[in-house]
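Down below are the structures I want you to see.
One chain, chain A, links the two complexes that follow: it is found with chain B in the first and with chain C in the second.
Entry: the complex of A and B
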């Protein structure tokens, strides 16, 4: 019987974590809604399953996305995840082939060298030992990076690294101890027996030369086992829970489950999948422009996991979506923030270490029911029947040049349209939603919806990305919603408007709600390319900056907003363009205040380039003049 | 008796002692820019809601500061939070947050629950 008491800590940890993961997944599965359960069940068969397996390999082991963003950080994550995986895999195979018997207990593979110290002297066995040493070197190199990163984050190209709580620190220490203790334990054992490959063999021989290797080996095997056991037991209450949770997340995402409006299994799984890698911290403009360093998504996820009151953190965010775009795990960070905003201030549970293992659902104070309508002063109006509706939106009314340009373009195109909020309409509802007041927002949505229905229009054009996003996502309308850049592109494509080419250098700033929020990147740029010389900036498409004026953040002062705007404007106007073009009235207003460069909405640039067609209005007189010419 | 068209008007003095400034204090604490307001009325001039009904953020700000909460409570919920007032404010007062905080403060105190 191959057994030694030192394997007990490891065994306790391993069986604990296995049972825990099974129990947790049962709870998660039980809490899913019925349609999501069916989706998930279907996700375990056929193509989604294959996709999930591929994604698990590429993201959870290789960490492709982190490698793409930051090579050194990616290597650190890859060496630990993929290296450990390989070590377990090949260790199990080694124990199975060379061990006393087949199908061993897991500890036989992990502590193979202890139970088979005389193994690996020549031939295939030695080659296999060489492979195992190679994997260990791979992990240790990553670990070296990780340790250095903790004290000097720039080594992996990160400006900031995440701050840790006490349990995280203990878990981190045990994680750091696992591989060096394995190395030393194996080396000492190899030193005694004169076995081992290039790393453990030579290190062992060197150590055995001046140390009593026989006595030294055993404590290190204990240390190795204890650090593994500690790590496994602390795993559920630390960020390392992301290791098992990310697999669930990948399966659930590929099965087509969405975050939705309410907290549930999926949002919880996403919260636990965050590895606190810190990529979101470097991406956050509140961090690098405003110096606010405690609200980034990594901290937000951690605060939710710890059952802290997150209302302050949830509200202090521009909702620009840069972190969503950068997150290597693909966590839908903005929707989770919106869920927390809706929840308002949650009651804080008494901190309890056991509570971390089975987290109770967050208790959310239900808002006191509001019996009467808030907006009953809004009169139901009957708009005129039309094909195309133009909804300028509040912000566009504050920047009349955009509104006037749009009217000019619409008139020139000759389409039959109606300006629905010419006299100033109700708000679209998104600002209320961003403040977490969904019920009030719904009232405005209903009011606007009935106006749009009654007009019988088939297309709704809006000038404001904030309105565009809410019309697209939260209105249940049977009309095509277009942002004015998309509409102008259509007009250009079908020849309704003719444009001059303006010889101007233009750089385009993609508004958050239009670009990252709604995925409209190409149309605005196509329009700009049609009328001007569009230059590239360093912040294109998904990586574009936020102007800082976002309505989503009510916590920061106007000075802070200005600071963010200034930084963004400096970046965008680096190549001194003639015009800083944008597609959002709010961005325009924010940037105008901080830059000398002319800031213009795309509609303004297009209106400037417009060729007024003389044939359309005076076609009769033109023909007569030609006839006159012919007569002469 | 002939009154010659004269009546006795109601007392219009503001009794600061009897007014409840808890809401104002709560907002001052959470949103210090509230103190910057010079009551210019820019917010009221641009307001989306006041396009439809009688609503003035300037008036509400003054009333909150005075502690005349009854009137504020009735009117505050008309705000659509569109944010135009924040953009036009010459003093950089975070008006949207003031409305949200005031709503929250009313929600918290049972006496004034909306």
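Entry: the complex of A and C
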């Protein structure tokens, strides 16, 4: 029987973490809703399962997305994850082939060199030893980057790195010690026996030349075992919990489970899957324009894990969605933030070490103490029967040139439409939703829904992406909701409006709620290409910036918003375009205040390019084209 | 040897400074970007609080500057401002170089560009005007809507571009309130059948006889003052303006149809002033106006020795204050010229 007391710390750690992960998985599974349970069960078979395995390999081991964003950071993550995986895999195979018997206890693979010091002198054994050394070099190179990043984050191309709490520090230290101690332990042992490959062999021979290798080896094997044990035991209360959790997340996501609007297993799994890589911190405009560095999603996830009061952090966010877009783990960060906003101040659990390992589900005070809302003053209006409704929205009323342009376009197209909030209407409800006041928002949604329903319209066109998003997502309406850029594109496509080509250089700013928020990237650009010289910026589509005027941030001042706006405007107008085009009244208003470049909504540019058709093809009873359109 | 001072800006402050300096025998070059001196004063009809004609003040200022020793350079701007030893070297847009012993900056203010408050529809709706447009109408003696019809209900919005965080102006422009009161009276005088509504945040009547004028507007002229900031304006089919406002004293939202809307544009650091600040390395404050070295006893002094400020390039001021500030600048300059060499 090959055994030595030094393997005990490792064994305790390993069996602890295995049991813990199983227990935790059972708890998580139990807490899933019944449909989600069925979804997850289905996710363990067939194509979803294959997809999950592929994703685990590509993301959890290779870290493809991080590699794509930042090569050095990706290499660091890959060398540690994939390297360690290979070391375990090949170590187990090595122990299996060359060990005393097959199917060994895990410690025999991990400490193979200790129990087989004389192994690997020639032939296949030596080649295998070479491979193992190569993997160790791979890991150590990544570790070197990680250590450097901790003290000098720019080396891996990161502007900021995450801050740590005490348990994270201890876990981090033990993680750092694992591979150097393995290197030294193996090298000393090899030095004594004259074995080992290019790394452990040479280092061992060199060390043995002036050090008592025989005596030195044993303490390092202890250190190796203790570091591993400590790391495993602390893993559940540190950010390294993301290593096992991410596997769970990938299965859940590929099984079709969504975050939803309440805290639950999926939001918790996502929270624990955050590796604090810090990519969201670099992506955040509150960081690089406003110098606010404690509210980014990585910190937000950590605060939730630590059961800290997160209401301040939850509210201090533009909800622009840049971090969702960039998160290499694919965590739905904004929906999780919205859950916290709805919850208001969560009750804090009594913190003890047990709670760290088995966190009770966050208890959220169901009813928030706010003044009872009362929208009785809103007048009952009976709209005229029509095909198409135009809802300008509050923000468009504050930028009347957009409203006027839309009226001009609608009139020119000859469609039968009704301007539903011409004399001012009720708010769409999204600002309240963003503040977490869903109940109040629902009252407004009901009010607007009734009016829209009574009009009998097929299509609802809105000028404001904020309204667009909420109409699309939170209204239960049997109408097609279109943003005016989509609608204008349809009018162009079916020939209802004819446009001149304006010889203007235009750069397009994609509004958050329209682009990242609703996935409408192409129609606005198609319209702009049709009427002008559309140029690319460095911030296109998913990578577009926030104008800073966001209604979602309830913490920062106007000046801070202005700083964000100014930085974004400078970036967008770098190639001195004639027009900075956008598709949102709020973006227009925000940018107008900070740049000398003309800022215009797409509708304004289209209205300018409009060729007034003297034949009035679609006027009067002949509205066939748009009727077809409306019946889709 | 007589000293030479360059005064930048030929408005009220610049003219007063030039006149006072020439009185004591100092040579003055007065630089004006427009084709004539007088600045904003040329655009005003009557002045508060006594509603005298603005030309009377202009005549006084012109009289001051007609006594020789003042070289007026119109259509001139400054491209370079450098200090070399105890002298200043100033290059104009025409490439002319002026050597001066001291410089007085009197670049004044620009009116807030009301189109920046798009929600009020200036430049978008036909019948939205600024306080300056209204002065122009009074001067021409034609107070009418764009289509020539005489307005019946007129709304005046205070604080357009002042005390407004969203446009980046925290400060109070101080004189728009009294301008609104003056113009409300004049509208009522000119159109006795009209109704005038002023929408204000606070009435800041902090000058001599301002409060009296405010009282007169209410008692004698029946001007309505409604406390509340207008949130937005829109145009109706019959070409009227529909405004939304909260009457904060009655505590309820209000919608009102008006024929005409007048925006009380605030005062901002002038574009010319910003340019001088850039080329001359002069310090500006958070409100973007020039920052004097001391708020109490150094309001004419700049961060560069030998460069002084006069008038509204440092803060919003009325004409009385501007003239006093200009005279104070003259004292500072004389003191400086005596003690430097």
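Here is the rule we go by: the second predicted complex is superposed on the first by the 610 of 632 C-alpha atoms of A that agree within 3 Å, B and C clash if a C-alpha of one lies under 4 Å from a C-alpha of the other, contacts with A are read in each partner's own complex, and residues count from 1 in each chain.
Here, a contact is a pair of C-beta atoms (placed from the backbone, for glycine too) under 8 Å apart; a residue touches a chain by one contact, two chains touch by 3 or more.
This structure is a prediction, so every number in the text was calculated from the model and none was measured.
After superposition onto chain A, the modelled positions of chain B and chain C overlap sterically.
For chain A, the partner touching the most residues, choosing from chain B and chain C, is B. Applying the stated contact rule after C-alpha superposition, one finds that A:423 touches each of chain B and chain C.
Touch criterion met: A:592 reaches chain C, while chain B stays clear of it.
Shared-chain residue A:401: touches chain C; no touch with chain B.
Of the two partner chains placed by superposition, only chain B is touched by A:435; chain C is not.
In the superposed model, A:558 makes contact with both chain B and chain C.
Once the complexes are superposed on chain A, the part of chain C occupying the same space as chain B corresponds, among 78-86, 186-194 or 222-230, to 222-230.
Touched by chain B in one complex and by chain C in the other are residues 377, 397-398, 423-424, 557-559, 589 of chain A.
Across the complex, chain C meets chain A through its residues 116, 118-119, 121, 124-125, 165-168, 231-235, 242, 244, 253, 255.
The touching residues of chain A, when paired with chain B in their complex, are 344, 367-368, 370, 374-375, 377-379, 394-395, 397-398, 423-427, 431-432, 435, 437, 440, 444, 549, 551, 554-555, 557-559, 586, 589.
Those residues of chain B lying in contact with chain A across their complex are 33, 46, 48, 51-53, 77-78, 80-84, 86-89, 92-94, 96-97, 100, 104, 107, 113-114. Across the interface of their complex, chain C is touched by residues 377, 397-401, 403-404, 422-424, 557-559, 562, 589, 592-593 of chain A.
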